[in-house]
Every structure is written in C-alpha cells, then in structure tokens.
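You will see two complexes here that share subunit A, one where it goes with subunit B and one where it goes with subunit C.
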Partner chain A sequence: MNITNEPVDAVVVGLGWTGAIMAIELAKAGLRVRALERGPDRPNAEFAYPKPADELAYAHRHKIMQSPRQAGFTVRRTRDETAQPMRVLGKFRLGDGVGGSGLHWTAVQIRPTPTDLKLKTFVDEHYAPGALDEELQIQNYPVSWDEIEPHMDFFDRVTGTSGEDGKDPFEGPRTSPYPLPALKDTLNCAMFRGQAEKMGYHPFSNPSAAVSQAYTNPYGQQIAPCNYCGYCSFYACLNYSKASPQTTILDTLNRMPNYDYLTGANVTKVELHPDGKTARGVTYVDNDGNEVFQPADIVILASFSLNNVRLMLNSKIGQQYDPLTGEGTVGRNYAYQLGSGYTMFFKDKEFNPFVAAGPTGVMFNDFGPGNFDSSQLGFVGGAKVHSSQATGNPISMAMMPGSPKWGPGFNKALKDSYGHSMAVKMTISNVSTRGNYLDLDPTYKDPYGMPMLRMTYDYPQNDLRLAEFLNGKVKEIVDALGPDMVVDGTLTTKSRMNYTAGYSSTHNVGGAVMGDDPRTSAVNRYLQSWDVHNVFVPSGSAFPQNFQANPTALIGALSYWCAQAIKDRYLQNPGPLV
Partner chain B sequence: MKRIIIALGLMTTAAQAQDADLIARGEYLARAGDCVACHTVEGGAKFAGGYSIISNMGTIWSTNITPDKEHGIGNYSLEDFTKAVRQGVTPDGTHLYPAMPYPSYAKVTDEDMAAMYAYFMQGVEPVATDAPETALGFPFNMRFGMMFWNLAFRPSDVFTPNPDLTEEQNRGAYLVEGLGHCGACHTPRGIGMQEKGLDAGSDTFLAGSELNGWPVPGLRAGGEGLHGVQAWTEQDIADYLGMGRNRFAATGGEMKAVIQHSMNYMTDDDLHAIAAYLKTMPGEAAPSKPLDDTARVLTEATDLTEGQRLYLDNCNACHFVDGTGGPKVFPQLDGASVVTGDSPDGLIHTILAGAATPSTERAPSIMPMPGFADRLSDDQVAEIATFVRGAWTNDAAPVSAADVATVRKAAQAEAHAKAPEAAAAQH
Partner chain C sequence: MTQTPSTPPQQGLRRRELLIGSAIAMTAATLGIPFGRLTAAEAAAAGAPDLASYTPTFFDAEEMRALSAICDTLIPADEDGPGALATNVPVFIDLQMDTSYGRGEDWYMEGPHDPNAGDAFGYQLPYDLRTLYRKGLAATDAWSRDQHGAGFADLSGEQRVEALNALSKGEVDFAAYGEPMLDGETFFDFLLQNTREGYLADPIYGGNKGMAAWVMIGFPGARASFLEWVTRHNIPYPLGPVDLGGNFAPLPNVKA
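Right, the complex of A and B next:
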C-alpha cells in the first residue's frame, strides 16, 4: 500500500549519534523534525541491570547489530575479484535500532589532531614529490581546527568525556578541560604506562565516554558512574554509564512536541524534484511492507556511513565515483582503520578481568603523523599505541596459543589463561586510495529490491609499511614488559583484508567525503550535498581518509557543525551554502 | 476613523492578553494543586474525572471538572467554584468527600481562585462524559454527614502570612499548606481520617505517615537529622521536587506522579520558597546508628552473610559498597527513608517491581531500576531488605519472607491491573 505522510520541516534518516544530534539541534531551532529508524526502539528499560550481561546474545549472536541481510553489502578486495554478499559479521559490526552504533561502541573518545585534519598540507610540506605511493588520494578536511574544536568540546560535554588533562603533548588546543577525570588504571594500564614513560613516550589514560563520575550533561541528562563491569563493546551499557544517544540526548528530545520518530521505517530512497536539484522527501518501507512517502523540506542522511553512500547512489544524488577515470565523487575515498598488536600472557600476574571497562586503557600519540619523522620512510600516517586488558567476558577471553578446544585440557588452559593476559595494540590510520571505493552491486539486491552496496577495499601498502615500522617499536615495549608468552597479531606488508575474520573495529568512513572541491568531494564543508542542496550528510562518510583516533569525537562535532550551518544560514536562505 | 479602529484593536488585544495571563496563571496554580492527578484517568481526557481513589470507606470516583455545562462544571459561577474548592460543597448542596483536599485548598486566596476559575472555564477543553458515581456503603453514603466532619475538622480560612517568616517562607507556606496539600500524605491522620495538623502551628503537621504501606517521610526539614530532608539543603529539596532526583535520592511510589504532574512545573522561586518554608519547621531525626563497617566487609567479600552476598550480586553495581549510589543517578541507600521506614513495604516493592525516574524539563533522563521479582525468591528479597535496613548507619527492623510474599502478591495484582496482557504473558 502506498501512503503519504504529513510533511515535516526536516526528516532525519537514522537515529544513532548523528541522527540524535541533528534531530535535537534542529528541533530546538523550532523545526518540525521526524526521525526514521529502520531498526527497533531501544529504550533504557531494555538494558536495565543485569539484562545486557549476556555475552552469548550480544557479543556472539549480535543482539543489537544489523544482520548481514539488513546491512546489505557485498565485498571484494580488488576490482578483478567478484564481490560476494557478506553473510557473517566479521571485521566490523554495524549497530541496529535506535542508538545505532552509538549504543554498542566501546566509548573511547579520543580526538584527531590538527595535523590529521590537514594531512594533505602535511604531506605537501614534509614529503618530496614521488616519495609516497602514487595511488594515494589524501585530502584535507575542509574545516580548520578552530572551527571544529568548539563542537568537539561541546560533544565532550554532552558525553561527559573522562580523561587526563595535559598529559598528551600532541593534542590540539582545547577550549576546556575534560569534563571529568579519567577512569582508574587497571594493572595493565599501570604496567604499560610505566614502561612507555621509561622509553620516553607520553602515555595518558584513554579519554572515555563511559564516565568516571555521576554527571549531568548540557541537555540535563544524567550519566551514571562506570562500575568497570566490562560489558561495553557490542553491548548497551547496563549501568547508564556509557554515553549513547539514549543516555545523553533522546530522553530530552522525546519530550519535544515538534519532534517524533518512527521505528521499523527503512528508508530506501531520497525522492528528488524533477529538476534533480532539490529533494522533496524520502520513501521508506514500514514493518508491514507499506511504502510510505515522507515529504520534507530538508533531508538529513544520518545513517551509518556505508548506508548513507548507498542511499545517495540509489537516489541519484551526485555522481558515482569511477576508479578508472577518477571522475564522480559518491563512493570515492572509502577508508577503514587498521588494527595490529600483541597479546601477552603472564603466569604470575592477576589482571582481574572482571574489573575492566572497554575504554579503560592507556595510549600514546608519539607515532601520530607529524609527531615523528616519517618523511624518509615511504609512508604517511600514524597510530595510537594503546594497552588494554581483556574484560571479563569468558567466551571471548584470550586463550594461550595451542590450548585444547575441549576436555580437561581446555579447562586447565582456561584456568591458566583467565586473568593472565593483556594486550598492546596499534590503531593505525588508513589513507584513501584510488582503488578503495564503494559503488552499487550489479547483481545483488536487498529485501526491498534495492541494489546492495559493493565494497572494494584492501589494506594500502602505505599503511602496511607503517604497520611494519610500528611493530618493531611496539615489540620493544612488549619485550621490556617480560611476558611469559606473546601472541603476534600484527599486520605486515603481506596482510590482506579478510572481511569475515575477527572483529577489528566499526570505523568505516568516507565514501561521501567533505571537501572544498566538488570534483573530489560529495558534500561541501557544511556537509551539504554539492548537487542537491537540501540534503545534508553528516556522518563518518564525510571523512576524506581515516586517522588513527577513534572517529566518534569528530562525527559528533561534524554533526553539531552541520546543524549550526543549517540553523544559522540555510534556514534564512535555502540554497547552496558554498 | 482609522486611528480609532487601531485603538480599539489595541484594547481588545490588551484585554485578550490580560485574559491569557490570567488563564496561564490559573493553569500554573492548577498544577500546583495537582488537580490533574485525581481528576484524570491515565490515558483519558484531561480533567474528565473517573479516577478511583480506594479509601477505607470504599471507592471514591473523581468527577468531571471540565467546563462542559451538562457533565462538568461549566455552569459554576466563580462563587460556586470557590465554595466547592474551599469548602467541599457543590452548588446543589452536595458535600464532597475529603479525598478532595478542600481542607487545604481553603487557604487559597480569592485572587488565585479567580485565576484557576478562568483557567477551568476558558483554558480547559469541555468533555461531555460522566464519571462513575461514588457509592460508598452505609454510613459513608450519607454525604450530609460530612457537615459534621467539616464542623469537627475543617480548618481555618484563607492563608494569612506569618509575620515571623520571610516573604519567601510565607510563599512556601502558602503553597505547602494550601494548593500543594502536602499534608494529605505527609501528615498523620487522626481517628476521623482527618489530618492531625494543617499548618506549622501543629507539631504533627508534615511529621510523616504511611500510604498504602509505604513509609511517607516527614517533611519537617529544620532538625539536626543526618539523613533525609533535614540533611538536605534548600537546593536539594528544590532539585528533588523539580527533577525527581537529587544528590541523595530518587523519587518513588506515589511521589513520582506528584513530581511528574505537579511539582516539576513550579518555578525555581516557588520550589525554593517551599524548601525555605520546610526548613523553618523543626523535626525529629530519623533513627540511625554510627556508621558501621559494611563498606569494608563488602569490599573484602569473605565470610559474607546471605544478605551481603545477594547485595553484592544484585545491588552493588549501582548502589556501591558504601550505599551512596551516585548523585542524581543512583539513590543513596544509607539513610533513605524508604529503606529505613517503619514499614518495609516500599523498599520491598521497589526491589520486586523496580522503579524509574520521571522525565521532567529539568531532568529528562528516565533511568529505570530493574525489578527483581523474577530473579529473587521471597527469602532472598527478605535477606537483602534486612541487610540494607541494618547496613551503614541504618538501624531498622528486619524483614521476613512473609512480608515479601504479601507485597509480591500486591505488586502482581497492580501489574495485572495496569497491563493485563503483559502481566499474563510473564506468568
């Protein structure tokens, strides 16, 4: 059945971090706002203690993740391979339902550095022509640090970011200190911190959006003190301690009479006016299979980065990127993030894994771009080096290599492994390249008959050379800590992307990148489509390439930046802002 | 000519604005009086009545107070309205039962009465439905009997400021004793179900009581007590009323609805006035003992009692070993009135059925505490309740499994009444 809804001023597609921020900021400006979320509602009551403490349901059966069928993408590493639908969740897992990936994130809220935002300028200034691989498509973020930092600052206050002031000499200037002190060190933190300092690095506590103390944010919402239970990544927090759209924004938003949201509303397409220059609303399919048109003056694409790109392509907003000619912008500069590292076992140390939150940890930025001289090393980029210990989740626990999989041997290995391991890892930046991109799959369609997104991606050699360089540096720390056994989980120049292997991160970015040049970016500096001016796309899809920091701090900031441009400029004079 | 029209136009506008102001003020006062709490059924039309109040005498149904001329109060004059609100007598001479807190409302000034009248006549949508008739058993069905009740217990007249109090404290007194009708729950009742005191002149006024088995804390905030309102600052009291939570406590039981429908709409000035007034009344400190070593025992976690172990497994994640919880997030258990009250029913009910903070403008977060009815047996709940009632500085009597069984039964009945299908699905 075809249904047409009453028009709204702004429709927000997706109700994760970006959707929640855009919805509340536009509703506060007086617009009638409706959010459309394809998953179910996920109110706090669903996550009341101790319901989320169910590792099998959440971490292994993906209770709050999109199923591969819903997520709808096919994958391959290079253009000469045939892409296949991703049938199991592996390397990354997208959130499903209200809260999106903002519900199951680990909540490490480290910012990028000013250099990360102007990487092209950095390369031009520090590398000789031809010193880097020809395939790189590095671009600057089209916003300055001074423009975007106040929004990161506000987002930090929304999430109650808990961190250590003044310990990271490489961080960009801050408007204000962390709202709360850092989480407490676990044993691995203390060991890593001590060793890193001894070697001249500058370690500091992970900035954490699982908060260290009871906190009230600028919207008046309360976040509870973290109790280090360890049910963080893949889980909704059972203690209201982890910042999520639910704990920081939605209870406020839901009180506003000019806002509402629908769940089970799967947006399939942005509908354009005949001239193709403006959108007239979106079409979604509801849970009963009805096709519904939602008229709107402004369309905000706030779903996960990959789905934003797919919606743009299926709606013919902008031109599909072609890796052969370099023409077209939608799908261009898709990037990910590389995870590499070592797991160590110590017979005589007790790491108390039942007292460790996902974001408890210590990191250092000494290997961020520009913080060490890489101009002669044949790569650009950097990594944050950090230590974590396994949380108490028994199924996912690190086992010593060679452990039997069953029987008394397994029991003994479990006992010997549990509480005796810690990790030192690298989260490595990911340059964008000519050959890593997104487009529509020519063969496979989703349950609504829309083409799936096709992902063509492999690790760039630039990043793998960087990884090899870092492996050596990090191994020095590992050896100095003197473990009884080390498991090498590092990347080398021979590593290839394996979509279905162990989880790495859900830091999939790019594909509808922001820029100053409409030939190399899909949206302008205000996250506004170059082609359809009442469509805004504020999400990780706007990153021109990925840095070594976790993406949420900048995604939140870009959302506030975009909302401000709409409120201050677009509403007064609808049209291209650049 | 043109100028005259403009002048007339302006006059109309000014008069309209005056009306709108009066109606808005009336709405604010109606909120202060929490009229909606009793005169609206959940999910029903606003002020259309039909809410049942189960009293010792039988079920009393609230009436339609919308301006519908036939079914509501649309034919009331200001005088009729005032008489009903202050004296509990309707234009046809019917005596209202004092479930309608007219003994408190008697204090409302003429000016405020006129504002509320304007609101109920012009600011409320008329609803053409009748609420069920209240039909109490003999002798309570003899409404004229209320005349004698009124003679015996009805209070004074319109509020007069106490010259010994500041203007702010007097404003607080007016709200607390009058529209707020706080005494209806917080003042113990006498032999005739009357409130024992209706203003600060009586030591029993707001001295605490019990409601449906829940302990209702005293509000006399002026004492030296280490816990509850006496330990709270004026800001803490204002936070509690405006947010349903403060540094120590989160609201529960009947008070949640009072905050949700009434108190959170009060201005900061009025909330502070209420707090300032409560602070003028000395009260008795709740019983407590010197801080014991519970926090250490729970931290060491060796040789635990059953209650201590169950606390660690079920409660400690939020309320912590020292029972302090977190400000505005997790209520403090040490010294909480619901924990240490003479009646443990409120505590047991909260453990079994859970609770959730109300969403208000000042504090939008809805933070649910889970119910443990499905996880814990009567014995286990009794162990936990007994433990927290005696932990830290708490010094209240133990709880038996039989106490828990009674509350569990009542809570189940309550859940069935609220959502029969959902409750059935759970069992």
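Right, the complex of A and C next:
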C-alpha cells in the first residue's frame, strides 16, 4: 500500500549518534522534526541489570547490530576481483535500532589533532615532492580547529567525557578541561603507563564517555558512575553510565512536543524534485511492507557513514566516483583504520579482565603525525599506541601461544590463558587513495530490492610501511615489560584486508567527504550536499581520510556544526550555504 | 528478491528460556529433591537435562551421537576441568539449531555464491548453520566409515583426535562423500567455535552446566559490578560466578 504522511520541517534518517544530535538541535530551534529509524525501539528497560551480561547474545549473536541480511555490503580488495557479499557479520558491526552503533560502542572519546585536520597542508610543508606514493588522495578538512573545537567541547559535555587534563602534550587547544576526571587504571594500564613513561613517552588515560562520576549533562540528563561491569564494547550499558543517545539525549528529546520518531521505518530513497536540485522528502518501508512517503523541507542523512553513501547513490544525489577518471565524488575516499600490536602473557599476573569499562586503557600520541619526523620515511600518518582492557569475556579470550586449541590439554590452556594476558596495540591512521572507494553492487540487493554497497578496499602500502616502522617501537615496550610469552598480531607490508569473522573496528569513514571544491568533495564545509541543497550529511562519511583517533568525537562535533549552520543561516535563506 | 526483514532474535531466546526453565522444574520435581537443601547452582545443574536422556530438538539420534563424540574430543574431561559432555555442550548446540542463528536468518543467503572466492571473503557457502551441521556430520561419518569401518562415535579416542586433526587442516575431501561445496575446515571451525561457546556461555543457553567452566577459569559470569575491585591489582577475584538465571556457584576452595 502507498501512504503519504503529513509533511514535517525536517526528517532525520536514522536515530544513532548523529540522528539524535541533529533531531534535538533542530527541535530546539522550533522545527517540527521526525526521525525515522529502521530498527526497533531500544528503551532502557531492555538493558536493566544484569540482562546485557550475556556474551553469547551480544558479542557472538550480534543482538543489537545490523545484520548482513538486512543491509549488507559486498567486498573486494581491488577492482579486478568480483565482490562477494559479507554474508556473516564480523569485521565491522554497525548498530540497528534506536541508539544505533552509539548503543554498543566502546566509548573512547578521543579527539583528532589540528594536524590531522590539515594533513594536506602538513604534507606540502614537510615532504619533498614525490616523497609519498602517487595513489594518495589526501585532503584537508575544510574547517579550522578554532571553528570545530567548541563543538567537540560541547559534545564532551553532553557525553560527560572523563579524562586526564594536561597529560597529552600533543592535543589541540581546548576550550575547557574534561568535564570529569579519568577512569581508574587496571593492572595492564598501570604497567603500560609506567613503562611508557620510563621510555620518555607521554601516556594518559583513554578519554572515556563511560563516566567516572555522577554527572548531569547540558540537556539535563543524568549519568551514573561506571561500575566497570565488563560488558561494554558490543553491549548496551546496564548502569546508565556509558554515553549513548539514550543516556544523554533521547529522554529529553522525547518530551519535546514538536518531535516524534517512528521505528521499523527503513528509508530506501531520498525523493528529489524533477529538477534534481532539492529533495521532496524520503520514502520508507514500514514493518508491514507499506511504502510510505514522508514529505520534508530538510532531509538529514544520519544512518551511519556507509549507509549514508548508499542512500545518496540509490537516490542519485551527486555523481558516482570513478577511480579510472577521478571524476564524481560520491564513494570517493573511503577509508578505515588499521590495527596492529602484540598480546603478552604473564604466568604470575592476575589482570582480572572482567573488571573493565569499554574505554579502560592508557594511550600516548607521541607517534601522531607531526609528533615524530617521518618526512624521510616514505609514509605519512601516525598511530595512537595503547593498552586497553575493553572487555574480558571468556568465549573470545586470547590463548597462550603454543597451547592446544582443543583436545587433550585444552582445559589447562584455558585456565593458564584466562586473566593472564594484556595487549599493547596501535590504532593506525588510514590515508585515502585513488583505488579505495564505494559504489553500488551490480549483482546483490537487499530485502527491499535496493542495490547493496560495494566496498573496494585494501590497506595502502603507505600505512603498512608506517605499521612496520611502529611495530619495532612498540616491541621495545613489550620486551621491557618482560612477558613470559608474546603473540605477534602486527601488520606488515605484505598484509591484505580480509573479511573473516574477527572484529577489527567500526571506524568506516569517507565516501561523501566534506571539502571546499565540489570536484573532490560530495558535501561542503557545512555538510550540505553540493548538488541537493536541502540534504545534509553530518557523519563519518565526511572524513577526507581517517586519522588515528576514534572518530565519534569529531562526528558529534560535525553534527553540532552542521545543526548550527542550518539554524543560523539555512532557515533564513534556504539555498547553497557556499 | 523480496523477503521480509528477519524476525527479532528475542523470540528465539524466550523459547530457549522456556525450554530450559521447564526442564529444570520437571527434573527437580521428579527427583523429589527439595530445592532448599541445594545451593542454587547445584539445583540448576541437577535440573539441567541429563545428556544421556536428553531428547534433541533438531538432531536425530545418530547425529546427536556423532556430535557428542566430537564435542567430547574437542573438550575432554580431565583433572583440570569438566569437559564438554559434563557441561551439556551438545545440548547447547542442538538448541542453537532452532534459533535465528541456526536458521541463518541474520546471514546474507542470496546467490550467486562463489565458495571458491578465497579465505579473504569469509563464509561464502549457500548453507545456513543447521544445513551445514546436517551435511557436515553425515560427511564426517561417511568418511570415518570409509577410513575405519566405523562412524565417528565408534572410533577410539586416538582415532577421533586424528580425524578432527585431518578435518581442521582441510585434509578431508568431502566431495568424495557427496558434498562438493562444503569443506571440512569450514565445518570444523564452526564445530570448535560452537563447542567453545557452549562451554563458556551463560547456562541459560543449555551448556556450561553448573557454571563449571566459569569456575574452572575464574570468570565471575554475570556479576557485572566491580567498582571496588578496579584498583586492587594482581589479586584474584574472590567470588564465584552468578548466571542470568540468578544462580550462583561457590568457588571450590571457598567454604560457603
């Protein structure tokens, strides 16, 4: 059945982090706002203590995540391969339902640096022409630190970010200190912190959006101190402690009379006016299979970076990027993040891995870009080096090297391994390249008959050379800690992307990047589509390349920045803001 | 290609809870044990179905015998721990077959399939999990009969270890036993992962009977509250596990 809803001023597609921010800010400006969320509602009652303490359901059956059946991706490393659907969830695990990935994220709330935002300028100033691989497509973020930092500051106050002031000499200037002090160190944190300090590095606690003390945020929402329950990354919080759209925004938003939201509303397309220059609204399919048209004056795409790019392509907003000609911008500069590192085993140490907040950990930024000299090393980028204890649940525990994986002696291997390991890892930046991009798959479709998103992606050699350089540095820390045994989980220049079941990260960015030039960006500096001016895409898809920090501090800030541009300028004079 | 989005996984969970819950009530009642005299974990363990008399919901008797023998070989009982049979891992796997996971409802199952795409692409077979188990168990038994003149469950302990080793290394050609697409390595990976899950998951799913595997490794299960413990470094946590059913299991060296 075809249905048309009453028009609204703004429709928000997806109700995760960016959707919640955009909805509350536009509703506060007096607009009539409706959010459309594909998945179910996820009220706090579903996550009452101790229901989320269920490793099988959350970490292995992906209880609150986007399933491959529902909205999958096809994947390949290079253009000459035939992309295959990612049939089983693994490498990255998007959210589904109210809260989005923001409900089961790890909540490390670390900012990029001013250098990260102006990486192209950094390269031009520090590298000789031709010193870097020709395939790189590095671009500056089209906003300055001073423009975007106040929004990171506000988002930190929304999430109650808990961190150590003044301990990271490489951080960009801050408007205000962390709202709350850092989480406490577990044993791995203390060991890593001590050793890193001894070696002259500058370690500090992972900034955490699981809060360390009772806290009331600017929307009046109250967050309770984290109890280190050990069910955080992949889980919804059972203690109202981890920042999520639910714990920080939605209770307040849901009380606003000019806002409402629908669940089970899967948006398949943004509908354009015949001239293709503005959107009329969006079409969604409800749980009964009805096609519903939702008219709106403003369309906000907030369905996660990858889904946003797919919606743009399926709706013909902007032109598909072509890696051969370099023309087109939607799908251009897809980037991810690389993980490399070591797991150490200590027979005589008890790490109590089940005592953990998702962000429990210590990191240092001495290897951020510009913080060490890489101008002669043939790569650009950097890493955050950290020892984290995000979760310690036993099904996915690390096993001691050389121990049996099953059969005789397996019980002993489990006993000897569990609780006796800690890791030191690198989260490595990811340059954008000509050949890493997104487009629509020619063969495979989702249950609504819409083409799936095809990812063509492999690790750039630039980043693998960086990984090899850092492996040696990090190994020095590992050796100095004196473990009984070490598992080498590092990347080398021979490593390739793979889509086996192991988790890597959900830091997928790019594909609809922001920029000052419509030939190399899909949205302008206000996250507004260059082509369809009433469509805004405040999301990780705007990153021109990925840095070493986790993405959401900046994604949240970009959403506030975009909302402000709509409120202060677009509403008075709807049209291109640039 | 039109289909409705998958049913919410919660439904499967509720069913399993019911199944196990009613099994507990029934067994305890039949045994005539007053709950008051047992610890909660003992009561739950006593109430959990006995593997020998358990009636599978998905597998037939022959499949269940083979599966149990495989689980027993993957995690044998020894002086360090209870093993897969004493903790009802085969029950766990049988119950998993009747969930959205077992039915592959979350997996992308549309063709074309290219099982030879290569390891980098992950799972590419056209089978949901329950089909994979059905085919894999039959092929393993057929191969075992061919090699040793007996199904897997009737092999000696040594032969079983050898057979699983060969499976895990991709040395068994299932094509010769009527399965041209399924490779032994993929089947083995699921067997091992699901056995490990059944051993270490919450008992609410039918395995890890009495939380015995958690007691063995020192994992406190669903306690999920450690504010006072985070700064106590390098000291073993003193309390035994609790589970989602509200039971607790004392540590062996601690008198209640």
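Heads up, the rule we're going with is that the second predicted complex is superposed on the first by the 569 of 578 C-alpha atoms of A that agree within 3 Å, B and C clash if a C-alpha of one lies under 4 Å from a C-alpha of the other, contacts with A are read in each partner's own complex, and residues count from 1 in each chain.
Just so it is clear, a contact is a pair of C-beta atoms (placed from the backbone, for glycine too) under 8 Å apart; a residue touches a chain by one contact, two chains touch by 3 or more.
From a predicted model like this one, the values you see are computed outputs, not experimental measurements.
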Exercise. Which holds for A:49: it touches subunit B only (first), subunit C only (second), both, or neither?
Worked result: both
Exercise. After lining up the shared chain so the two structures overlap, which partner does A:213 touch, if you call subunit B first and subunit C second: first, second, both or neither?
Worked result: first
For this session: Please work out whether A:225 is in contact with subunit B alone, subunit C alone, both, or neither, and reply first, second, both or neither.
Result: both
Exercise. Between subunit B (first) and subunit C (second), which does A:57 come into contact with in this model arrangement: first, second, both, or neither?
Worked result: second
Problem set entry | Partner chain(s) touched by A:493 [first = subunit B, second = subunit C, both, neither] | neither
Problem set entry | Touched partner set for A:78, first subunit B, second subunit C, both or neither | neither
For this session: Could you let me know whether more residues of subunit A are touched by subunit B or by subunit C?
Result: C
Exercise. Is A:238 touching the first partner subunit B, the second partner subunit C, both, or neither of them?
Worked result: both
Exercise. Where does A:176 make contact in the superposed view: on subunit B (first), on subunit C (second), on both, or on neither?
Worked result: neither
Problem set entry | Which superposed partner A:247 touches (first subunit B, second subunit C, both, neither) | first
Exercise. Hey, what residues of subunit A end up touching subunit B and subunit C alike?
Worked result: 49-51, 225, 227, 229, 238-239
Exercise. Considering the complex alone, what residue numbers of subunit C touch subunit A?
Worked result: 1-6, 8-9, 13, 73-76, 78, 80-81, 83, 99-101, 105-110, 112, 114, 117, 119-124, 161, 164, 192, 195-197, 200-202, 204-205, 213-214, 216-227, 229-231, 233-237, 242, 244
For this session: Spell out the residues on subunit A that touch subunit B in their complex, using ranges where they run on.
Result: 43-45, 48-51, 213-214, 216, 219-225, 227, 229, 238-240, 247, 251-252, 254-255
For this session: Enumerate the contact residues on subunit B facing subunit A in the complex.
Result: 245, 317-318, 320, 326-330, 354, 356, 359, 361-370
Problem set entry | Touching residues on subunit A, where the partner in the complex is subunit C | 40, 49-57, 60-63, 67-70, 72, 75, 77, 82, 84-90, 184-187, 190, 225-231, 238-239, 266, 287, 289, 349-350, 352, 354-355, 393-395, 405-412, 414-415, 418-419, 443-445, 447-449, 496-501
